[in-house]
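These are the structures, in structure tokens.
Presented sequentially are two complexes of chain A, the first with chain B as partner and the second with chain C.
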Partner chain A sequence: MRHSRLTLWLLGGFTLLVYAYKILPVFVVVALAFNPPEFGSFPIVGFTTRWFGGLLDNPAVVTAVKTSLRLAVATAAIATVLGVAAAYALVRYPFRGRAAVQLLLTMPILVPHLIVGVGLLLAFRILGLSRSFTLMLLGHVALTMPFVILTTQHRLQAIPLYLEEASRTLGANGWQTFREVTLPLAAPAIVTGFVFAFMSSFDEVTATLFWRPANFDTVPIYVLSELQNSVSQELNALAAALVGFSVGVPVLTMLLLHLWTSRRRRPARAPEATPAWQPATEGDAR
Partner chain B sequence: MSAPAAVEMRRVSRHYGSVAAVDDLDLTIAEGEFVALLGSSGCGKTTTLRMMAGLEQPSSGDIVVKGRRVNDVPVHARNVGMVFQNHALFPHRTAFENIAFGLKYRKVPKPEIARRVARALEVVRLPHVADRLPSQLSGGQQQRIAVARAIVIEPDLLLFDEPLSALDAGLRDELRVELKRIQKSLGITTVFVTHDQQEALSMADRIVVMHGGRKRQEGTPEDIYRAPNSEFVMRFFGRVNSLPGTVTSAGGGTMQVALAEGVSLPVPGDAAPGTKLSLLLRAERLRLVPDDGTPALRGHVTGVDYLGMMVRYDVACGGETFQAIQPAEDAVLPIGTPVALSLRGEDLVLS
Partner chain C sequence: MLAAPAVGCVVAFILLPVLAMALHSFWLRDPNGIVIQQFTLTSWREFLDDPFYLEVLGRTGRLAAITTLICALVGYPVAYTLILMPDRFRALMILLLFLPSWISFVVRTMSWLHVLGPGGLVNLLLRRMGVIEEPLPLLYNDFSIYVGMVHYTLTYMVLNIYIGLQSVDRNLVDAARTLGAKGWHAFLEVTLPLSLPGLMAGSLLVFILAAGTYITPLILGGTGNVYYSNLIYEAVIPQLDWPLGATLAVVFIVVLTAVIGLYARLAGVGTLFRKVSA
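On to the complex of A and B.
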């Protein structure tokens, strides 16, 4: 099908509008956060970082940041350990019911967080458990483990089985083989999974609202509850910081991973150019 | 009593579902021996090798190393060196680290590791590539490093699974000679899997021909080539002609067999006069000679395949086509040339 020039322009314009609609508010928040006046409003009259400085003096914000980091780090750590183990089992062992386990473990990525949130809360009610940090942690692990499983699984499938077999014939047992061969080769994918898990735990709001104990705020939940009062400059600054963090961490991770893997792949010296069938020793034996 | 064999497989079978990949295999390999497992694709060579390594469990039967049953010994405790078809070097480790890998798990002290790795690199003639990653080595170098990694642990048993099949022809010949030299100089008991009869003939002390998970024949390369115990084994080592004949007289282990066109030859064997036989003859044992009028099988050339050192002819003779491989020292006969076929009774094998 051929599009007329007009339809192409319309399509392009509409696409731009959609992106603008989604992204402009983010820019507005970030721009306002650096604006000196007390009440977050246009026009932009100058540049200041004092609203960010003010955040550090607000104990509620500091507590929320600490909570969020504690939760996200613990979530990512647990989700990574369990997720890597699950991915390894799913890729390397053809056990009965593998497809069902795969579906069950990766389902939370497909189900709306509202449903996961309510579901887990109900399950704990029935078991007679009250809301706690542990409950929240468990919930976050369930929500974020699919990221680790999927990235790791994908990578593991590309690691040939014979490398692990070679390692075992050389005298490394199952665990040593995993540590020395599988883990280093899968490391970039595992790091990616960890960061994914960390970020999605850090940003999670919907399900967390159901799980958190009273007066237990993560950063996004603090922002949400403060919004009900008013839009202050401090809140704009916090939101801007959140945006920076949410974009910065993954971008930085990708950059570092890229540097790491490309350094490992790039030949330090060019491979020998001599025809392969010549005895390889002559000349350059030292 | 003689020392126990380096490896014994006693009535070993391995089933995958209803498929018997290896079927009731008996195999004894002596200390220091180089045995080739030879067979076409899917005959169970790899499965046999993997069971020796411990990477696969037999469905039944015992695997015995130096008199000790090892069925339940895990791979990492078996002390086997294995070289895979695709080298299987660890891509994130340098050549040095790859070779040192097995020594680490044998609690060899660091300075000694360095010494032994250096020696292994000398053995495979690559002392200068220690610091390179596998991706910085050529295919042949990678395979040599894989060999160094397997021999440096001084294994009880060295296993090769078609280690040369991924290399180009020239390199394959060179490495073939090299592997043989290394194996002999170190005296490591070796099992070498291949589907290439040339490789098996030139390298092995003993060849085991497999088919359908079973052993069809075993013996020295010469035995197997000279005295195949079946048409199957004979055909595995080259092109074979089959000639019909009739026994006219017999006695004393030799019988007179009449072929077509009044040709009659003494052939080893005993069968009652009048018996119809099918005789097998290798293409390289059938000679094309000028027609001098004496009784002979006659025909004319219908196909020529010039191979450099050799020429392979198709010759139509009666209703059949025979194949003859001749040294290419004379001028190549053009298609249509009338020829006589010369053959010797002792080269004929009963099918």
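On to the complex of A and C.
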């Protein structure tokens, strides 16, 4: 696809503008969070970190952070266990109705969180149960699990069957094979799925507002309710901290995964590229 | 057997709740606000008798459609540029595209208050440059809602178009050119039609996301900017009128299912699901 220089410049310039639109607004909040005046808006006249210190003294913020962390860790743990099991079944066992199960497990991605929020709340009410942490947890598992299944499934499909067959031939049973062969090879994808579930649970607000007990705030819900008043500097600081957290966690995960996989690259990579018994062509001087 | 818990989760927490909503929409809410499991058409009658609800539904459909259109027009050139980039650079650009979607949705939306508000960045810059005297009304109206909606949904559009464009065989474009098609002509006749499944999948996803969020209008909208998803939230949480909320939600599901069904007929259900889940 060849293009004139003018077309390329126009496309490039337009793309840069769109990226600025996507990324810059968030930096505005971060910049404002370090602004000394108490009123949380422009102009920026100096630099201070005291608004961040104030967050730790605010019991409402601390409680909300604890709630969100508990919820997100529990969600990610449950969603990962169930999701990996389902992904393994979908990739390795050609059972009847697999296509239907696949569709069913992917479908929640297309259902608006609003609908899941209202529906699960009303289903709980029919059972005589009220809004609770459990309701939030179950809902978050249902919302995040499809993403764990998709990432894990993708990775499992890339692991050649003969590795598991070899393990079985050498006398390992199904569970041993899964634990010793499949799991280590799929681990990066599973970790990615776990972090993804953790982050989306931590961030979820649309459905969570329907499930939380009265006056029971997660971090995003706390921010949302504070926004009903004017934007304070403390709120800007909390928002900036959230930006740092939500960029930091995935970036850190990616770095750690990169270090981890490159450290054990040899055993992990060989089966991906070529079967172990074939001569490696990589690095072959031709 | 291994998939059973996951399937159970989806059935119990996604499908059965739809049934729960359908049931609630036919139940009675007594004057004290308590829901009694007794058949009535009260909520449905209220929905159908008051033109307000259908009017808001129409307004929401327009909001979602215009958001989708803007996303398609803005997203296509971006996805196309990504395809043209060298591999290394492209990986970085795709990472940057995803970066904002990791950041808390509420924070992302709230950041526009500082950009568009009367004392916000845009008005500040325009005033410093002497372009305007009084701050422009950029916030708490349709404009800020569209800015926020497109900001939220654009990534999904770009990604789906990008996946669609990736599957276009470049040899076909070159062949069209060899056969005499000029740049634009080759694009319109070959690249665009072949990338259409990605564009369609992205559009569907954006439409559903835009129709289903009440957070963006809640933060960036004014008093006049009421959308259908806000009505559902208002009925269920502050007013605790579950039968009415359930009725509104059931209508919402029916409308969205009709949209998805229409789409599936146009695009083919297989491609659509493959693209959306890709």
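Convention: the second predicted complex is superposed on the first by the 243 of 286 C-alpha atoms of A that agree within 3 Å, B and C clash if a C-alpha of one lies under 4 Å from a C-alpha of the other, contacts with A are read in each partner's own complex, and residues count from 1 in each chain.
Basically, contacts are C-beta pairs under 8 Å (C-beta built on N, C-alpha and C of every residue); 3 or more make two chains touch, one makes a residue touch a chain.
Quick caveat: nothing in here was measured; it's all calculated off a predicted structure.
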Touching partner for A:Y19 - first (chain B), second (chain C), both, neither: second
Partner contacting more residues of chain A (chain B vs chain C): C
First, second, both or neither for A:V181, with chain B first and chain C second: first
First (chain B), second (chain C), both or neither touched by A:L170: first
Touching partner for A:P160 - first (chain B), second (chain C), both, neither: first
Of all residues in chain B, those that touch chain A in their complex: 53-55, 74-82, 84, 86, 88-92, 101-102, 105-106, 125-128, 131-133, 135-141, 144, 149-150, 153, 167-168, 170-171, 174
Contacting residues of chain A [partner chain C, same complex]: 1-4, 7-8, 11-12, 14-15, 18-19, 21-23, 25-26, 28-29, 32, 41-43, 82-83, 85-86, 88-90, 93, 101, 103-116, 118-123, 125-126, 138-139, 141-142, 145, 149-150, 199, 202-203, 205-206, 209-210, 219-220, 223-224, 227, 231, 239, 242-243, 246-247, 250
Touching residues (chain side chain C, partner chain A) in the complex: 1-3, 5-7, 9-14, 16-21, 23-24, 35, 74, 77-78, 80-84, 93, 96-97, 99-100, 102-108, 110-115, 117, 119-121, 124, 151, 154-155, 170, 173-174, 177, 183, 191, 205, 208-209, 211-215, 218-219, 229, 232-233, 236-237, 242, 245-246, 249, 252-253, 256, 260, 273, 276-277
Contact set on chain A toward chain B in their complex: 160, 162-163, 165-173, 176, 180-181, 184-185, 264-265, 267-272, 276-277, 279-281, 284-286
